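Heads up, there are several structures right after this.
Each of the next two complexes has chain A plus one more chain, namely chain B in the first and chain C in the second.
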Partner chain A sequence: MSTVARKLLSIVLLVLVLAGIYALATQKHKQREDIRQATVKLTPGCAEKLSRYGLVRNERYRSPYVLQRTGTAVSLRGYSDEDVRAIQRGCNIIDDTQGKLARDPALERWNTTRFIRGSHASCDHCHQGIGDKQDAHGNPLKGSLSLGASWVMADMYDRFTGMLLPFELRQMQCFINSSNGYKPNIADDVLRDVTAYSRFLSAALALKIGKHYDEQGIDEIPASATPKQGDDYVRGEFLYKEKCQVCHGRQAFGLEANGQLVAPALAGPNAWNTQSRNYFYYVSTILPGFICRNMPLGAENTLSNQECRDIAYYISNLPRPAGDRQGPIIALQHQALMTFMPPLMRLMESPRKGGVAADPAPERDK
Partner chain B sequence: MSQQILSDSDVRGEEKQNARTRATAWKIPLMVGLMLSFVLWAHFASGVRVFHSESTSESGWEKFRADYGIAYFGQDGQFVRAVQNGYNLVNYTHKYAARFTRKTAADRVNSCASCHTPEDLAYGFVNSDRVDPKLGRRISFEDRVRWCYANGMDGFVPTIYDPAVRDIRLLARAVAHHLQLTEGALRSKN
Partner chain C sequence: MKSLAAFLKPPLGQHWPTLQSNMLVGLTLALVTLPQAVAFSVTLAGVPPHFGIYAAVWGVLFCTMLNPSRVFHGGPNTAMSATIGVTLLPTAPPFGAEYMGYALTLGLMAGLIQLTFYLIRPLGRMLDLISEPVINGMICGIGMFLIFRSLTTFGGLPLNTEVEWPLWIAWHSFLAVLEVGNLYAIEIGLITLITCVIVQQFDRLRNWAILLGIAAGTLYSQYLNARVGLQNTLVEQIGNLSSVGLVLPSLPLFNQESMPDIISIVPGAFTLALLGLFQTVAAMRRMTRKAGGFTDSRKAIFSDAVSNCLLPFLSSLPTCASFNRMWLVHKLGIHSRLAIVSSALWLLLLVLFFAKVIAIIPMPAMAAVIILLGANMLNWEDIKPHFKDRREAIVFMASFLSVLFLDLFGAVIVGSILAIGYSKWEQAHPNISVRGNVLKIRGNFYYGSLPLIESTYHRVLEREGSVTIDLSDCYYIDREGIRWLAAAKAGQKAAFADRRRQNRRELARAAAGKDKSASGKRRDRPDRRKRSEF
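== the complex of A and B ==
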């Protein structure tokens, strides 16, 4: 083959490859556009919540919640069909991040699992009540990580990152650390839909921009809010076995039954990593605050501050994944811990089964 | 004999080394001095914004600060400085966002404030992230700001992370807080 022919062939091949990439990108864009236009099948929780907040396509939006609580109808800008669908998709992502209730998770949840390691993490585990936890009377609960209240307080100085943290970047941190996963692009539909839902919640609850509400974030519990007995691993273990083990499992690796998640992992490969703010050794006030205000489910606010700190301390000593910035050696160390510790612990506890204490918790209860 | 030759070579080598040391001895303090001068110049005298986090107090800032209750967010701090930079960007766009506009001081319309009041920005912010029927897609507040730079300001598009975009959003947020706006708040017609 002559040199000219060879060069021509190279150029043709290059053009074909580029055209193939272009065609693939066009097809992906079209697929995403089709999803944006498709009717959203809501999870049962989202169907209930969005219907209660009166989300429909209209020129004006008047929140039934605000009307019921204040007796005044406040007229806000309404939502178009596309806005409604974005809010619905955002709600679905919060309620069912892994797409376990979806027929096709890749399509219906924007394949959100690509940003998550493990099979447990879901936004709703921390942002309970689909990001809007309320008591039986409809009052938002203190320290319940409300997404609407977070939106109105976004962009403020964040002491952990040392920056003015936009809402989208905060979501990225959730994916990286709390879900031990990967960072979505700032323009990704996942982030945009969650933002749309959070903004809708703030409209439905009539939350004012820049105002701090009790339900925003965590009601942090520092050591100074305890009798200063010191955070105790042994007390924490006892409390964990008494209060948490029944749902989260003996080694806090979570519980699954019939392919359904009963309770998420607090340790092990499906849990948050050591760069998450939930990790006691990184921030010692957040996990205790979360436990006190949000756990155990149905019996919130029943644990004392010291008990919450003890449980958080105990949980944070269990093996879990290393953070992305901690390098391969630490990652390997944590991986080894997660692999070898559970069988070792089972081995250590097994002789007690036939002997003095089948379950250590009741014994210590005496 | 060989010892004699070696020592001669050693002596010559040592002399060379000493000469080299003498020749380079002044370079270290010079380099340190240069670096130090650069740091001092950059921090105190350059006026280049990337070297310091303070915002320049332009005329009208104190009135704006009082009118919109910026002190609620503190007398100073990251957020307040960002809002102040936002104020500068909005009112003196040709000066503070020169990279993103072709407008100059000589132009009649040369800043965001030529078309928008702070209230416009605040209402725009709480009504953003909605579908624009003309474009057929959802448009964020940042998209609008970038569009303004490219069109209204006859310039170039900043990235979404650029302080030239971010600080205008923060200004809008601060004003929205002062006006006690909620998401989707509508402007009264009177």
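== the complex of A and C ==
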């Protein structure tokens, strides 16, 4: 083949490849536009929450929650059809991140699972009550990671990165740390819809921009808030078995029944990674704070500060994935720990029970 | 003009035909460097465009003054700019005052590290031990890395503010470009890319490909702005450069508050320093081979180090040699420092008078340029020879993959260790052949290779009862080797042979006979070398 023909062929091939990429991008854009315009099928939790907060297309928005609690109707700017759909999609993502209730998770949840490693993590596990946890009287709960209260903090100083992080970047932190996954691009629809939902919550609850509320973030528990006994692995293990094991499984690998997730993993491949702020060795105040204010479900605020720190200490000693920035060698080490430690632990624990498999938890651990 | 050329000739030591041709080459270089300087600073390093422009002006001037090579062309560099971006993204938001301060601090630290390499001679000598497969592996890895890193800007998307493994970013960035990328930005990027590739096919226009590509992308962007409106296309542009003057003094950021961040970027400074020096030494080596002549690479290390210590005080990116631009100077047939100096001055003039034109260049076009440069770094002609030898292929692949799976700092460390390990492995494995009781050693006879030689020696000794060690092709013996040979001879079971000695005798005899017949006088024997005195 002559040089000219070869050059011509390479140009034609390149143009074809680039045209193919452009065609694919156009098709993907159209697909996303179709999803944006489509009616949203709400999860049962979202249907209940959004109807309670009176989300409808209107010129003005008056929150029934505010009216009920204060007796005064506050009129705010309303929502267009597009806004309503974005809020609905955002609510669905928080409630059912993995798309278990969706007909087509890739379409209805904007591929959120692509940004999550493992099959357990869902926003609702930490941001309970679909990001708006309340007691029986409708009072928001301290340290419950309310999304509405988080949104009104707007650009928040982050003491770990030393940066002012907008709400979207804080969501990215959740994806890379808590769900041990990847960051969506800041322009991704996942972040936009979750932001729309969080913003709606702040309007529904009449939260004010720039104000700090008790339900925002974690009620952190430092060592200074304990009787200074020191955090103890053995006490933590005992407490875990007494309070947590029934839901999260013997080795904290989570619990599934009939293909449905009962409780998420606190260790193992489906759990958060060692660069997460939930990891006790990285930040020792966040996980104890979460446990004290949000666990066990239905019996929140019953554990003492020291007990929460002990449980958090124990959980963080269980094998879990390495963070991406720790590099492939540490990742391999943690993978080996996750693969070999659980069977070894089971083996070691068996003789203590007199050789009797008294605990059926290993079979239930997934 | 001729008198001016004659005036300039002695101090610069030039050997060129006319001043005009130097100026023309300078203009060509300036036009080629300008888009690169802007693209590297904005797309890769995350700093305003004047950083790259000052690197192409002051960096080039400093390097040319300090380096006697007549083809050396410094200025902004892809890999170094990418290293700045990767190192600083976790510490501060790009384009902010703090970020720029850290960028200057990083450059200054890299310059000081490079100065250490110059002042401690053995340290500088270590750079010569980095073999070609390692450098090529790293260059290819960096090429891939540049492609991945430019994807988001190519699709008109913002960069995420922290870094993960480049490969994972690449895949997610690619999907993000497909799904949520700005289609106008993608169109501009594609037009730039296709224009560049087509122009590159014509040898005469090859060096103008980037410039023409950017021109095509900018024209299309202007067409879109006129048709749809900038508020609807939402395509980012470079922005106004009219504030760029002759010089913009700056100070690196050093204060107590920023110390934790500065400490965290020290590994990045090492990477930056080593990457710069690797490229400079490699480019100097290649260019001197291609262009003929010789320039000591220490002079290049000195010029890079001093320049990089000065540039942070002039709002500039660090500098290192650019093989592509050096090759362009060489191909244009000019071996003159004046041409290179004039390129810096031309560039400054271009920026001063055409700031408004540069301001409307769309960012996706810049990203397309970086993608093209990254793709050009993956040159099969450079890679192919490494796959002819298994060991070289392994070193190349390890170096290449370490850029993708570790990070640039990890790649520098892995590359350096591999290069030294590779040369040591080669030395420690001499070619040992056995024929009867003759043990022939081709290679080094030193403490590293001794265990291999010793095991073969004992095997032959056991089988044959005596051994003759043929040292004809042995080109280095260390003291431990001498002691072992002495011990073997003392055991009276080993004999030594050196055919070079025999050959030399024959040669000497022949020469002596010739001389005798010619003049009737006898000449002295040639000196024997120490290594054959066994």
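Here, the second predicted complex is superposed on the first by the 344 of 366 C-alpha atoms of A that agree within 3 Å, B and C clash if a C-alpha of one lies under 4 Å from a C-alpha of the other, contacts with A are read in each partner's own complex, and residues count from 1 in each chain.
Assume a contact is a pair of C-beta atoms (placed from the backbone, for glycine too) under 8 Å apart; a residue touches a chain by one contact, two chains touch by 3 or more.
If you're wondering where the values come from, they're calculated on a predicted model, not measured in any experiment.
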**Message:** A:L18 in the overlay: touching chain B, chain C, both, or neither? Say first, second, both or neither.
**Reply:** second
**Asked** Touching A:T339, do we find chain B (first), chain C (second), both, or neither?
**Response** neither
**Request:** Using the superposition on chain A described above, determine whether A:M172 touches chain B (first), chain C (second), both, or neither.
**Result:** second
**Message:** Quick one: is A:D83 in contact with chain B, with chain C, with both, or with neither? Answer first, second, both or neither.
**Reply:** first
**Asked** So, does A:S75 touch the first partner chain B, the second partner chain C, both, or neither?
**Response** first
**Message:** Touch test for A:I186: chain B only (first), chain C only (second), both, or neither?
**Reply:** both
**Request:** With the two complexes superposed on chain A, say which partner A:K28 touches: chain B (first), chain C (second), both, or neither.
**Result:** second
**Asked** When the two structures are overlaid on chain A, which partner does A:R114 contact: first (chain B), second (chain C), both, or neither?
**Response** second
**Item:** Which superposed partner A:D324 touches (first chain B, second chain C, both, neither)
**Value:** second
**Item:** Interface residues of chain A shared between complexes with chain B and chain C
**Value:** 163, 186-187
**Asked** Touching chain A in the complex: which residues of chain B?
**Response** 72-73, 77-79, 82, 125-127, 129-131, 133, 138, 140, 160-161, 166, 169-170, 173-174, 176-177, 180-186
**Item:** Interfacial residue positions of chain A with respect to chain C in the complex
**Value:** 7, 10-11, 14-15, 18, 21-22, 24-26, 28-29, 32, 111, 114-115, 161-163, 169, 172, 176, 182-189, 324-325, 327-328
**Message:** Help me check something: in the complex, which residues belonging to chain C touch chain A?
**Reply:** 90-93, 152, 157-158, 160-165, 168, 172-173, 175-181, 183, 186-187, 190, 193-194, 197-198, 201, 261, 405-407, 410
**Asked** Inside the complex, what are the residues of chain A that reach chain B?
**Response** 61, 74-80, 82-83, 86, 151-152, 155-157, 163-164, 166, 186-187, 192, 195-196, 199-200, 202-203, 206-211
